[in-house]
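In the two assemblies presented below, chain A is common to both, partnered first by chain B and then by chain C.
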Partner chain A sequence: MLSLLLILLASLFFTGIIIRTKSLASGRKGPGIFQPISDVIRLFKKGAVYSETTTFIFQIAPSIYFASVIMAILVIPFGTTKGIISFNGDFVFFAYVLALGKFLSIISALDTGSSFEGMGASREALYSMFAEPAFFILMGSFALLTGHTSFYDIFNTLHFDSYISYMLAALATFVLIMIGMIENSRMPIDDPKTHLELTMVHEVMILDNSGFDLGLILSASYLKFAMYGALIANFFIDDLSFAIAIPLFFAIQILFAIVVGVLESFMARFRMSHNPQYIFTLSSVALLIFFGVLLVLEKLT
Partner chain B sequence: MIDTYLFISSIAVTVIGLFTIGFVPSGIKAATNLFFVVITALLTSIPAIHVILNQPLEFTLYNFWFFGDIPIRIDALSAWFILIINLTCINGALYGIGYMKSYSEQKSNLSLHWILFLMFQSSMLWVCVIQHSVGFLIAWEIMSVSSFLLVIFEHDNKKTLKAGINYLVQMHISVAFLTAAFIWAYSATGSFDFKAIGHLFSLSPNIWLFLLFFCGFGIKAGFIPFHSWLPHAHPAAPSHISGVMSGVIVKLGIYGIFRMITFLKQDFMIIGEAILTLSVLSGLYGILNAAVHRDFKRMLAYCTIENIGIIGTGIGMGLIGMATGNSFLIVFGFAGALLHTLNHSLFKSLLFFCAGSIYQQTHTRDMEKLGGLLKRMPQTGILFLLGALAIGGLPPFNGFVSEFILYIGYLEGIKSLDIANSTLMIFSLASLALIGGISILTFTKSFGTIFLGSARTHLDHQPKEVIRVMLIPQYLILAVMISIGLFPQFYFTTVLKTIIPFLPVGSLPTIANFTPMIDIVASIGRNSLIFLGIILLVYLVRKAITRNRPVTVNTTWGCGYTAPTPRIQYTGKSFSKTLGKLFSFITIEQKKYVEIEPEEIFPLERRHSSHYIDFFENKIINGLVKKLVYSMNYFQFVQNGKTQAYVLYGVFFILLIFLCTLFKLI
Partner chain C sequence: MNYTTVKNNERIQLSAIPELEYELFWELNVLSLMSEEHNHCVNYFGFPYEEKIKLICCIANDETHTIYVSSSLVNTSTHYPSFTSHVLAFEKFEREIHENFGVQYNNHPWLKPVRYARNRANQDETIATYPFYSIASEELHEVGVGPIHAGVIEPGHFRFICNGEQILHLEIQLGYQHRGVESLFLKKDNLLQRTILAESIAGDTVVGHTTAFVNLWETLCGFEADWHLQFSRTLALELERVAVHTGDLSAMCTDIAYQLGSSVFGRLRTPIINYFQQWCGCRLAKSLIRVGKTNFVYTEELAQILLKILDAYEPDFIEMCKELFRLPSALSRFEKTGVISQDDAKKLGTVGMAARMSGINRDIRSSHPHDLYSEMQHEPIIKHHGDVYSRAQIRREEILQSIANIRKLLQNIPAYSPSTLPLSSPTANSFALSLVEGWRGEICHCAITDEQGALRCYKVKDPSFHNWLALGLAVRNNEISDFPISNKSFDFSYCGHDL
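Here is the complex of A and B:
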């Protein structure tokens, strides 16, 4: 319950901080950090425009996408507090629930019959497909390290005591940040601020969404960011008391948001054809973690 | 005792059915077939259910003709497959009533078709229970031949006939492997009983014998590189036959492998690792090819290879568990495999039935010619979507349950095995995730191209929703699928009973031992329900809030372009093009076109075509066959068409036998 509340809170300012960082980096003052949320609230109050090509898929997809993110958040623990749902293998459920949301958002883009949206859908399907193995190797390695298979048990038995394990934590944080960026369609995979439909990935998929549905999609992506931030935070919270853990959680979220903002300010998006290779490299980084775990456990001699 | 009679009487029912279908008026042949299929299914399912609930059934047909005594054994494993066969056959027969309506003028052909369908069902059932080498091979052969004849229903179409012959030849290669293996077992033990094989396996390391069996059954199951019949036979067959073939006939290959594993006594580790590796590769190969093909039935056929791969990974995991005595791995590996066998037979037949409905309405299997069908065939569209979600392994459907079980097994393997197998397991884990990702790409592409957007070509006959008799079996399948997705513990406990024989001796085979495992599986169902609840809640909130909001309908945003045509929609081919290019060493694209010459100032109309070819079939098998045919040419003089020469061969043969007996060579 606690993690759900904290993630909801963090999602309120997360994207705002990214945008603020980017504005400051480019020498502008920029909007307030709650601007994205008030944008969503305004969208919630609006009516909708639907394309005449679309079917009911287009109307139910945003709700399912949003629900899938909420469901995924429910399994995330906070330090020594369990998530609302926790069972062995819950991270498999986490990944597959998110995949269901992605499936629906892809077909809802195809539902418009537009050439651009199909292109974005195809890219999104490809990139998120390549990110899956990295996540599973990462979690598989931690299952090996801790001997547990649920988020809660993994994070609770995870203690860093040797140099190798610090390196592992650093690598895992890197992989998670990158997966978070891919899942949220941000730099360096996708540029949300690009102006040409041909070069967009996620933005082009939701070109035809409007009103409440667009608000759902946007808030789902804010939540997703905070969700990955919470996952990263869990690596460091350990069994600290709430008085330290909760501020630490927000500090990590803010730091994550600033990192994203800085990355987006000083980096250009990769060429589309290089993206799959890049994403697949993440799997090899995840494999490094696996071999590191084998070292820690002295299986590798 | 009553179960024995019930089971034996099923063969009498089948024989009566064969004649009855021949004599009833052609309008009710399909319904008569359904009637007999259901009766046969009832007669065999009741004993099967009793077997699962109580203990195995065993009886012998004494002095049966020249076979000697034929032992019939129905254990929980056979019973599980019998139930899957019956469920799929009933659905196939029901769907076939509607699907074959458009062929009603081909009276004699239809008559044969339904007779063969009944025979096909019966032969599959007997394959699962006969434990006598010769009897098994005969049932296996009846199954292969009857399914071949079912495939070539449209035999006047050359392509169909070619695909059928291809299937027939490959099935006989499979039989050749099996016959060789059974002869080996017979000559070593002197008995046709399957128990003798178990005895043989315990005597000495007989890994080669297992390999022979694996090749034989693997061809039927469609593991790479034995898969090349699948992408030809499935598109060629009428859809209810493809559904049944993909749903059950390939699973009998899996049954055969499972049956042989029950006899296996040693070498678990090496066989397990080999099967696991081969299966992972099959899965990746199958789904990669499925992603790029535009013929939707061929796409489904490749997807079958993928799912056979997933089933195989479970078998491999279970074998590794048997080698290390880890009962957790055995349970999750074999249970995952057997449950996925059921799941795949459900969603694959559902998808083939949907594909059949599309084909019946549009007369094309090329998804690039379709589009926007969801508006014209809403029920088929929703069924296809739900089938696609299930086959992608997404919650809250049944595919997720079996894949989840396999994931848990891998994680257990990663934790408990030595470094080599731990690494193998993490690669399998990542591959299963990748397979899941590619299958999402495949099915978003297929569903999107066929059902969404607007129609890409003008069809002479506007498609409309298919008749009810074709939809009923699909809803039936859907109901079972959802029940597995939401209440997996029930199915899991049933499967547990079938895998007790695999567990190491000494561990008590009571359900109580499995409670923690059942709890894990039950939690998926519970959380899937919560997930459905959240979806419903979000949707209702959205509906309540937006009820009085203004809604405008306009054209799709086209970047300001005001004259859009359906032709500018993104095609399925371009959807998967990037993936195909990345893996171009496996998914080989062949293009045919004429380049524009520099001096061609006014180019004429020209054609561009591209299609993907099967790596194994074109690069390896065809090459081998070509070499084989080339060397065989030297012996062509033997077959010269002269009767005199053939008589001479006969004389030579008799002489040879005579001389050999004379000198006591044979």
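Here is the complex of A and C:
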């Protein structure tokens, strides 16, 4: 329960901080940090427009996408507090409930019949597919390390006591930040600010969505960011008391948002053909974690 | 002689242009482009003449600083062999002649409509039925972009044939704007209206096109622009180059999602265009250039302001360029993207930046100098790779070169002595041609007068007109997501093409 509330709270300002960081980095003042939320509220007050070529899939996809993100958040624990749902193997559930949402958004993009949206959908499907091994190698390694298969148990039995385990946490944070960037279609994989349909990945898939539906998609992506932030925070919260853990949670979220903002300010987007290469690198970093775990468990001799 | 030789901004009698049989005319011009690499076609157009169509072909030779003009009379009932079948550089020009007057060609490889002018010969052809090149394969897919641009700039349709993410073919179809600039030049007989019309040909090349117009008009009227007028035109051209190139670098950074470059170059462009506002009251430099006079005399105070602006501009610009041109993520987007080989560029007859990026030394400022360029000994900046990176480098170096030129110009500001004589009217039965190197490349205006000295034909050629094809070829085998950056790095004009 606590983690859901905290993630909801963090999602209110997360994207706002990214935008603010980018504005400041380019010498502009930038909008207030709650502007993205105000935009979503404005969109929620509107009706949606549907093109005649679309079917019911296009209409249900945004809701399912949004619901899938909420479902995924439910399994995330907060320190010693369980998530609303917690069972053995819930990290597999986490990954595939998100994949379900993504699948719906991909077929809804195809449903519009636009050549742009088809291209975007194919790109997004490809990148998610490539990011999947990294996530499972990462979580699998921690499952191996702790002997548990649910987020709650993994995070609660994970204790950093040696140099190797600190290194593992640092690498895991890096992999999670990058997966978060890929899943949210941010730089350097995708440019969320571009107006050029031909270079878009995620943005082009939602070109036809409007009003309430667009609001759902946007708020789902804010939630997704805060969700990955919460996963990262869990590595560091351990069994700290709430008085320290909750401020630490928000500090990590804000730091994550600033890192995203800075990353997006000072580099160019990758060439599309370099993206798969880059995403595969994450899998190799995850493999490093795996070998680290084997070292800790003394299975490598 | 089969042709007559003129210089840039020189007036001749229309009758002085030799009128050849089409076969001879064909041979002369096709051979001239095929045999001599310093030759390129600056304009090739037709106009109605005694119930027939008179074709005038102007070939510029960059070595001898001259332009060879020849002509031929054709009718619409005969089929003629096309120039294009041998020299690709004539492709757009012949399509235009065919569209406007219905001149038939029997071996033109790509005889499609150009811009659907209201007074085109065949009114049955409409933009809705444009004959796109298409494919029957199920493996390939087509992507149509436009005519509404994603950034809502100007209309143009781009039809891609792709194999997955790879572009196999791009067809660019323009002609959505029907302003009828050339016929308006004939209709409006007020000089001021015509000047304003020239200013409106392309909003990003106001100085370039207006300079071409006023130089041409002064040539027709036999008016000799004094040093001050030439000075202010040259200065404005160089300033326009600095401003637009900086804005383009900013836009290129935007297209690769490099935010820092985008905002810094964007900020640097502003003081330059704002300076035009201080000089003449318009950030686009409209109303600055007038035939035979200037309403905004350049003063020492203006020069001091400009020097201050440039002093602030230069260090920031150089610093930002250093950042951009060594940023690995930016370079990986720029390098080897949108390549035009020197061979292709020569065949296409590209001009301006689109030629200089592929190692072709083609710059009106050095080959056919006008205004103060004759004294400047301009050295064109040449790059050799023909990719986005070369175009970005050309911009960076041309900006620095233009600033150096401006500083040199400002050392000696000539006093203005308004001409006391009223401007005479254009001479009758004349032909004149004016070439100007705008920031985008060579602008060519041609005018022909009738027996009364009224305009009989006015022809505008923006560099974009025939350069657009270079973009279509440059993106072949590139990823489709690299199209926007290739497009921006060329930065061709839609309205300059559509007129």
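Note that the second predicted complex is superposed on the first by the 301 of 301 C-alpha atoms of A that agree within 3 Å, B and C clash if a C-alpha of one lies under 4 Å from a C-alpha of the other, contacts with A are read in each partner's own complex, and residues count from 1 in each chain.
We adopt the following convention: a residue touches a chain if its C-beta (ideal position, glycine included) is under 8 Å from a C-beta of that chain, and two chains touch if they have at least 3 such contacts.
All of these numbers come straight from a predicted model, not from anything done at the bench.
**Student:** Thinking of the overlay built on chain A, is A:F136 touched by chain B (first), by chain C (second), by both, or by neither?
**Tutor:** first
**Student:** Does the superposition put A:K193 against chain B (first), chain C (second), both, or neither?
**Tutor:** In the superposed model, A:K193 contacts chain C only, not chain B.
**Student:** Once the shared chain is lined up, is A:R28 touching chain B (first), chain C (second), both, or neither of them?
**Tutor:** A:R28: touches chain C, not chain B.
**Student:** Of the two partner chains, chain B (first) and chain C (second), which one does A:T112 touch, if any: first, second, both, or neither?
**Tutor:** first
**Student:** Which partner does A:H274 contact after superposing on A: first (chain B), second (chain C), both, neither?
**Tutor:** Touch status of A:H274: second partner only.
**Student:** For A:S265, select first, second, both or neither according to whether it touches chain B, chain C, the two together, or no partner.
**Tutor:** A:S265: touches chain C, not chain B.
**Student:** For A:N184, select first, second, both or neither according to whether it touches chain B, chain C, the two together, or no partner.
**Tutor:** Neither partner.
**Student:** For A:F212, decide between first (touching chain B), second (touching chain C), both and neither.
**Tutor:** first
**Student:** Going by the touch definition up top, name the partner, chain B or chain C, that contacts more of chain A.
**Tutor:** When the residues of chain A touched by each partner are counted, B comes out ahead.
**Student:** Can you give me the overlap between the chain B contact set and the chain C contact set on chain A?
**Tutor:** 115-116, 118-119, 197, 273
**Student:** Quick check on the complex: what are the chain A residues that touch chain B?
**Tutor:** Touching chain B from chain A are residues 44, 46-55, 57, 60, 62-64, 66-68, 70-71, 74, 85, 87-89, 92-93, 95-97, 99-100, 102-103, 106-107, 110-119, 121-123, 125-126, 128-133, 135-137, 140-141, 143-144, 147, 149, 197, 207-208, 211-213, 216, 273, 276, 283, 287, 290, 294, 299-300.
**Student:** Across the complex, what residues on chain B touch chain A?
**Tutor:** Touch residues, chain B against chain A: 371-372, 374-375, 385, 389, 392-395, 400, 403-404, 407-408, 410-412, 414-415, 418-419, 422-423, 425-426, 429-434, 436-438, 440-441, 443-445, 447-449, 452-454, 520, 523-524, 527, 530-531, 534-535, 537-539, 542, 545-546, 549-559, 566, 568-571, 574-579, 582.
**Student:** If we count contacts the way the header does, which residues on chain C are in touch with chain A in the complex?
**Tutor:** Touching chain A: residues 141-145, 150-151, 165, 253-260, 262-264, 267, 327, 329-330, 332-333, 337, 479-484 of chain C.
**Student:** Would you tell me which residues of chain A are touching chain C in their complex?
**Tutor:** 22, 25-28, 115-116, 118-119, 187-188, 191, 193-199, 264-274
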